[in-house]
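Below are two complexes that have chain A in common, paired first with chain B and then with chain C.
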Partner chain A sequence: MNLYRREMRAHLKSLLIWIAGIIAMLAAGMGKFTGMEESGAAMNELMADMPKALQAIMGIGELDIGTPIGYYGVLFLYLLLMAAIHASMLGAAIISKEERDKTAEFLLVKPLSRGRLLLCKLLAALTQVLIFNLVMLTGSILVIGSYTEGESSAGAILSLMAGMLLVQLIFLTVGMAIAGAGRHPKRAVAYSAAVMLLTFLLSMAIKISGHIDYMGVFTPFYYVDAAAVIDQGIGAGYALLSLGITAVALVVLFAGYNRRDMR
Partner chain B sequence: MPIIELNHLTKSYGGARGIHDLTFQVEEGEIFGFIGPNGAGKSTTIRTMLGLIYPTSGSAKIFGKDCVQHGPEIKRHIGYLPSEVFYYDNMRVKDLLQYSASFYKKDCRKRMIELAEVLELDMSKRIDDLSLGNKKKVGIVQGLLHEPKLIILDEPTSGLDPLMQQRFFSLLEEENRKGAAILFSSHILSEVQRLCDRVAIIKEGRLIALEKMSDLKDRTYKKFKLQAKNELPEGMFAIEGVTEWNSKNGEASFLYQGDINIVMRRIAELDLLNLWVEEPDLEEIFMHYYAKEA
Partner chain C sequence: MNMYLYELKAYRNATMIWTASMTGLVLLMMAMYPSFAGDAEAFMDVLASMPESVVQAIGIQIDSIASLLGYYSYIFLYVSLCGAIQAMHLGSSILSKETREKTADFLLAKPVTRGAILISKALAALTLLLATNIVYFGAASLIASSVALEPYDYGAFALISFSLLLLQLIFLAIGIAAAMLLPRMKTVLPVTLGTVFAFFVLTFIGSSSGNGKLRYVTPFHYFDRAYIIQHGSYETGFVAASLVIIAVCLLFGYLRYRSRDVHAV
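So, the complex of A and B:
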């Protein structure tokens, strides 16, 4: 558990910066809603007239941006992207930094198996991802609560955050697997970020084109489409798929890291 | 039971690098020198023993247990000082040492403070701010604080000033008296000479000699270079044990192996401007000494 504590401390500063980022993004993003609210219907019409590609890029599909939760749904795409960036970079860095900074020689010479080392790092990374998610959840409920009177959107937000957590888990473990099982630990963070961005671009392409929906399984961003989640919650299939990808990534991580020569 | 037991240990990277078919043992209570030029495979061997990399074939056992299968168990009793010391930069020396100690199931505080005092290491400093030599000291304390039964040192003296080197050697001798075996890797023969009971010499990944230090010393030769006022008389140094004779304009250089008094008497007959007597470096030993045998 000393390793867990060490990892939490080492990443504390970066986590605090991310938390500040979340708060800024929520405050600034939803702040714009004040202006939007008054001209809600007009805005909806304007948006509907925009080309489909533009709508897709801005994340406006079937969402009613005249309501706080609908508007939040548009913002959610960017929040989700933040979460994915955080998770994929954290996952790759927490493993690869030991080899990058040449501290692997220090750590792996201690009486500690590689499996245990990974477990401690995984737990530390999971804790941080959870903190990220909880801050996002609390912040979202508070900021939306300040715009809605009466009816609560907490249920929808909870669903969205559960979806975000699934996406975080995928990118975290895939990042860890890239760093742990790959041959180039120094480039792991870049590779991990590249994988994440590619899936993001793919999800954009799917929305813009409108007829390659079957490609959706390849991008976690598609699993938690805000409009669908607000409407019906997360699809059970997508939830299972997310957990499946996470599990495979973990197997690759543990098997690969155990077998590999350290640099 | 041998402390370290290498059995046809091989690690290949597909090229000339790596180690081939290494077999030797380090016995209990022994200080074992492991010497070879840079890139000979010393670090590769050590990294394999520590489970950082895996052997291609053959095996390494420490305390009678296989290094791959029983890694964590073995490492409880190993202290390791890497050739280049890298640590978490944003930590203080004290935090790093406590972190290191926290992996062992025993109280290491007392020993840690003792070691830091002997080496004059300021534990309140940040690791970032330390010089190379001071980082090395952190490495030494870190490697010895849990009183390991086997101490593995990879080029341990680089960056240490002569005074600290002496203290460090005394520390090692003390640990050895308490029963620790030591594997001392180096490319400098003289520092191995002082401490070690036996040496293994490795070149291009292969073991080329395994000798008692006393035997090696008997066979060691000196490098002479002298500058005389006058031309050197022909055949002046045509005595047994002189090789690599080179002479030009009153300057001469040669290697000598044998009774030092004989050659000194000859030299005393000359009117000298200057004289150098040097230990040969390892490369020269390989070239003139082992090359003959191979």
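So, the complex of A and C:
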């Protein structure tokens, strides 16, 4: 429990900076919506006929940018990217920093099994990811609510945020697994960032080409495509796949960390 | 000279990986160009039947995107994202690693001035970025000329690709300044990724607003590719702005590094 509190405090400052950053992004991004609204209807008809690649290049996809929720969907990709960066950095750092700061010895001689140690760190990281997600959720509902007249789009936002949580879980646990089970804890943060960047670029490539949809399985950014999620919620297959990846990463983490030599 | 060579060697692998991945990205994306151009062509026919006002709103933009240069400039955004991360990471880690790895007192006890240390490190970083750009430019030209369906403006292509170097220099300088501002930087990557992606996202948010002073906020906007294609040159104001940023950051880094208190182990 001490370890949990210690980790929460240690990462408090960076969490606050992140939260300030995403709120500013959300507000600035939605501020642009006012200008879009008028030309929206005419644009939409045209957009529907566009080839997929062009839609992807203009950042719009199949979203209806004339409505607040549709415009938010365009923004969502970037919010998701920020969430993924936060989660993967946090996951890799929370494990690897002990070896980086040469405090691993100090921590491991405490009367605490490695499994419990990981559990505390995992809980602390999960709490922070959840806080990040909840702030984003309330922020989005408030901001979009102020633009929406009539029917509320809270349901769509809720499923978008559920999707974001899945992506956060994937990157968090994968980051932890890289740091915990890998052989180079010092480079864990870099590896974890590389995985995140590669999957992001892959998701952009898939959208532009339009012919390699099957590659979507490899990139979490594709699981929660904003247009599909707003329309029909998260696909059950993708949700299971994300949870599966998370579970595998956790197994690798616990199995690997328990038998690793500390540096 | 020793320091310069040492840093070159220390960052050789990382630079090679960055160069390879940037080249790979261009290769992957440009390979899709022929099929993309076909799609766009079909769409242009649909566009012709649309009302005049709508066409004017987005038509010109699409016309330029469907060309090789337009498509390349879109991809180039992601290349420059990678380049910016590389440069800023290089700039901030090359200076802060001595403190982090507790080698600062070893280095500072050598008979060299702090100014010489900073200059050799900055020169090493510059050399690495130049090497990255040369390889990238060579590969990108090869790829572009092999997928081109019709002749394109090579001068504009070169100018666009060259803006990668300028952007990287800006982020290198920002990285050096950041390392001086945050003397106890434990890990470089989170700071780097946070800064670069914040600028990157600002670019997207800013792009719908068009012109205006807002463009000066994010370096990703400095070398507007549509402008380069149209006019065959950079915008003077933004080149000046980047030079000012580089000069200010480097000067700050130099002065701060000379007088800074470096903790012994």
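Simple rule for what comes next: the second predicted complex is superposed on the first by the 247 of 263 C-alpha atoms of A that agree within 3 Å, B and C clash if a C-alpha of one lies under 4 Å from a C-alpha of the other, contacts with A are read in each partner's own complex, and residues count from 1 in each chain.
Here is the rule we use: a contact is a pair of C-beta atoms (placed from the backbone, for glycine too) under 8 Å apart; a residue touches a chain by one contact, two chains touch by 3 or more.
Because the structure is predicted, anything quoted here is derived from the model rather than measured.
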Partner chain(s) touched by A:29 [first = chain B, second = chain C, both, neither]: second
First, second, both or neither for A:184, with chain B first and chain C second: neither
Partner chain(s) touched by A:108 [first = chain B, second = chain C, both, neither]: first
Chain B versus chain C as contact partner of A:21, first or second or both or neither: second
Chain B versus chain C as contact partner of A:262, first or second or both or neither: first
Chain B versus chain C as contact partner of A:81, first or second or both or neither: second
Comparing the two partners chain B and chain C, which touches a greater set of residues in chain A: C
Chain B versus chain C as contact partner of A:201, first or second or both or neither: second
Touched partner set for A:10, first chain B, second chain C, both or neither: first
Touching both chain B and chain C, residues of chain A: 101
Sites on chain C touched by chain A in the complex: 25, 28-29, 32, 35-36, 39-40, 42-43, 46-47, 50-51, 53-54, 57-58, 61-62, 65, 74, 78, 82, 85, 186-187, 189-190, 193-194, 197-198, 201-202, 204-205, 208-209
Residue ranges of chain A in contact with chain C within the complex: 14, 17-18, 21, 25, 28-29, 32, 35-36, 39, 42-43, 45-46, 49-54, 57-59, 78, 81-82, 85, 89, 93, 97, 100-101, 189-190, 193, 197, 201, 204-205, 208-211
Residue ranges of chain A in contact with chain B within the complex: 2, 6, 10, 101-106, 108-113, 116, 259, 261-262
Chain A partner contacts - residues on chain B that touch it in the complex: 47, 50-54, 71-73, 75-76, 78, 80, 82, 84, 86-90, 99-100, 102-104, 142
